[in-house]
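In order of appearance the chains are A, B, C, D and E, and numbering begins at 1 in each one.
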């Protein structure tokens, strides 16, 4: 009541007691939780920051499995620098604001040594900003936005997936030769889409192709029918789609329904394995990029798949995919770099990672890979794949069309736009 | 007055059922004309066609054949929203004007009057307890006095209903099974065989 | 000239005509009644007069000024106040808050965000006077929502009075009241009659006959008759009705 | 002229899309109109319908003994039809459970019903994730309604036209049910006057239970129909609930015809902007809503509703 | 309608207790297993929730698109720092002004509407803003958001403090929170507060006693969006970035949840309690289990089913019951 009799003033009790009660409850709830890893000698704690809900929940889970397998393998060998490796996972909800909070929590409360994991570039940005502020090394495992190793690069952040520009490099000249010069772009109307599309556009024009139009698709589009009609009316020879996330899943479904996956030819920037696993192969339209495939005919691959199946016998995905691979390789490389540096000091580990070179054999790819010290992006083999139509093996969905060496698909623009913080501006962090 | 107030000219309305094999379930025929202001009492059992006739006169129902002329205008040629300037239908306590719109406005003529000339009261709620009857009857008389034509339609089931009819009405129409019988005064009305039949005991009490 | 006049009002909702050629006028200082059977359009008429609905045709004049189509707020600010048939109070407020918020001084300071409401002594006094008028002074700090029905009716009138109206409209004030409460309300209105120009809508003829200076009867959306209570009572059907027997 | 020739396919497509939108909104409308509950779990139940259907179609030999084997032996069309019937029924049962939870909120601020169902939406979505994983799933359609055909030199999806036709049928059936059966009359009475329903001797709480189940079953039906177009993932329902909401308000809360017309209108708007200004296609429906509500306070065919207070 | 204590004073005892707890927070937050940054976010969201409750709890107007104004505040803060000059006051003033401007325009469309139509229009406008924030990526940075927003020093004329540590930022944010709490407390007990409460209970009657309901609805929406903008500006400062998804429907739904769980409909302190509980529960559940959404949803459903008036309401009920046995005060707990 806002008006009260003058004489009848109320006791002061309720709110007073309420607040004390709540405070007590808060204390009680948290007392059980308190645990702090002692620095230097205790276990190395890795904060896993992958999405468990939202658009990329599924990829996040796959990413996580990769990291856990690498951690398990190192622990089986006795850990790193004699320290056991532990991990803690918090859902970043495919939401940047949550990513920030999670990163703050992992660093200040859980005292993690390193952070790993991202599928969405927005979340990766949010985390890396907090990481940079605190000097915590952060591995962006699976976000393929070119800005990650360009405009938004950081000294503490390392990017392990191929990006849109890499995939476009691999695909464009190949496609012009095979399908024709008349191209149409279907672009998700947001930063990743625009970046990828502009990379494609430049390459197409350089290779003598012609862009007849660009259809911008807002993020969140579920119905592509009118756009597919428009494409038919415009009659391009090649459609380069830079459509991501759930939008891509809906597009795939609708293209498959129309049987338009072959004509026109589709260049679909990238295809993450968890997004397509279990779907019929006609859902995989066109040509797309990836960094790895479980049927690559290379030494070690069979063993790797077997280790996966051994560790995750119950998971729905019977074979590892590119997201898992990136998660595993990133974690593996980080732990190796710590060992090589002989310390968990962030500056030392960063320097190790900056000169990282992994042989083709160790990465189970066709070419040697190396870390670009100027952009902090892993330069690796990029594969073009297409649907393995008519395959009798439900798992064997891709047909690898070609592979390109890292230098041939390098993202030239990245080095120009990336401006890493100096070591002096990067706080020392030695967990 | 040269133009009659209300001319119901060979009016016929049929309701039928069934799409292929049409059976006529109800038909109403009327042919009469009233030349000057009056209070006309209309009686008849439920379902005999009283309300249908009112709807035909106000133009909210389309006749199967024939026509209704109000103040010399064919009601079905008058603009929908102006038909109530000619004839108006009071349903119990409110007025209803609903029309099946079939023609655009510009094809129709405006009404020539400002205030309704024909007032059709469809079973007004008469209740001896609350005293409103008196005001209603005064209103009928007032309208009549102002030179309007008033219809009061009733399905009498109390003796006082007949008293009201006798007190206020000048002419009578009896409706049964879709056909009309006209009478010039109350005594003539109740002498009619079908009316006596229908009213039965009420006539004797009244 | 009459304080309030309605000329040629028409109102329809879809195919249902609720007001047809309504002409009314209320003289200053008088208590006028509008009555009619249920569903005859009284409340709609009231709502048109007080600005809740806009008439399709016709004019409403207050003090010679055309107020047709003005918002309820503007009409209220001109000095016309009304109570509601279906109870329309601020149920979570105390009784005095209900009245206080209607006081014009409080209204004028409505956008003041720092002053304390209760600190406004003049307004509080004014509210107290109104509460005394309607006999709720002892219940000032009770919650309006928990008042007995009769008190809520009185509070309805109190809220309307607090706006310092020049013309007070009461919509079926006896609706839902028992015999005793109706009698008490009659007394209250008789007292108010000296101070205000009042228009009451009522279904209950007896109540109006005892209070009003003149009465209009509405039926079929029209004014079917009007006159002083004595004139109306002269009708033989009225005399033979319950009302006639009681009167 | 060229413009018109180019436009025609988009008009056809827009109407087809609109009919799908109307189907999505149908169950939502029923629950809002009759019970004045804004069911934010509509989307999750929509998704759940798709998952149930996928499970029903995907039964494998040996799961349910001989009966199951007989079922597996049926042609794809028959299994799909089973899913279309059983999926909504199963979701309807889930809906009944939810309705029991909702009972406490009746007669209170509609916000509480809305919030409870918001919570339920989270729970159902998470349960889907636990049950079926968070990955993309695929709902198989029988060959007869799959594939594409060529019309006017353009490729059209057969399934989409099946879906639009199915929507029309579902809309008409629901309309007939509401308008031409005694149950419909009771439901409509309940929408306007719960006192009257009680006076008629009908158990109001049972009526609400069944109406809710029915509305939710319609959500599931829409989910099954949309799954082959939108795909199937735990959070797919989010994409359904917003258009449903929008359509109901655009059409006017409580108006069946309004919802259908608004659905088609939204479909046309999205379809045509999709073709000519695709980057604005999502925004267009919100702008449509803002324009309509600015000029028509209660939507196209809205009546006064308790939800306004 | 709201709680009973000290209705007229500028400062009340519950306020002092709340402030005391919050001021002492940095000294004990780590020892209860939390972290400083969480405190910053909670206090920011408390400001946001208090402003939101002015609209929802006091005026009864449900807005499901309030995130838009929070987001506008965040962007305005960020853009002013990046493109004009680094100044905390400029940033916050921009945040408040632009959010209020957006709110004022939207409110002009909204204020004639009620109930579900009101709610729906807020959603539609919220979505439009959200959409624009992604679409207009040259300014907003699209879905990546506005990054590397500086956290300027606090300059109060004669002295300047660095806010780069979370503790310092926390005290700054807390100071603003104190100002907002005192101001709002005053406001809801002023004539203006009484009028908006009256509108919540009976919009029509409020019009009939001569109030310009439209103007009040418009102004309260604008005020509430201004506070959302302030909170958004602080959030951008805390996160050193501004993202579009705080503007999404989901995020807008969470503020409604927060306020109702806390008991904003019945208590001034509801939003404060709600924001705290919301973040603690989320932080706890989120780190304990991947299926936190399930438990969170169940908790929420249980709350609505069994204690719809929220935590503050439940507490009031508890206190009332205690009182009834002592002094027989039978004033019912109101909605």
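The rule is short, and it goes like this: a residue touches a chain if its C-beta (ideal position, glycine included) is under 8 Å from a C-beta of that chain, and two chains touch if they have at least 3 such contacts.
What you see is a predicted model; the values in this text were computed from it and never measured.
Common neighbours of subunit A and subunit D (chains touching each): E. Listing every chain that touches subunit B and subunit E alike gives C.
When the interfaces D-E and B-C are ranked by how many C-beta pairs touch across them, D-E comes first. With centres taken as mean C-alpha coordinates, the chain found closest to the middle of all protein C-alpha atoms is D. The greatest centre-to-centre distance from subunit A, using averaged C-alpha positions, is reached by B. Between the Cα centres of subunit B and subunit C there is a gap of 38 Å.
Centroids built from CA atoms put subunit E at 42 Å from subunit C. Centroids built from CA atoms put subunit B at 82 Å from subunit A.
Mean C-alpha positions place subunit C and subunit D at a centre distance of 48 Å. In subunit E, the residues touching two or more other chains are 1, 7-8, 131, 135, 189, 193-194, 197, 293, 335. Across the assembly, subunit A contributes residues 1-4, 53, 189, 218 that each touch 2 or more other chains.
Those residues of subunit B in touch with two or more other chains do not exist in this structure. On the side of subunit D, the complex with subunit A involves touching residues 6, 9-10, 13-14, 16-17, 126, 129, 133-138, 146-148, 154-160, 228-231, 233-236, 239, 270-272, 274-275, 278-283. In the complex of the two chains, the subunit A residues touching subunit D come out as 53-55, 57-58, 61, 189, 215-218, 220-227, 229-230, 232-233, 246, 249-250, 252-254, 257-260, 274-280, 283, 316-317.
Those residues of subunit D that touch subunit E in the complex are listed here as 38, 101, 104-105, 108-112, 115-116, 118-123, 125-127, 129-130, 242, 245-246, 249, 253, 279, 282-283, 286-287, 289-290, 293-294, 297-299, 305-309.
Listed in rising order, the residues of subunit C touching subunit E in the complex are 50, 52, 71-73, 76-77, 81-82, 84, 88-93, 97, 100-102, 104, 106-107, 109-120, 143, 145-146, 159-160, 162-163. If you check the complex, the residues on subunit B that touch subunit C are 84, 88, 90, 92-99, 115, 121, 125, 127-139, 142.
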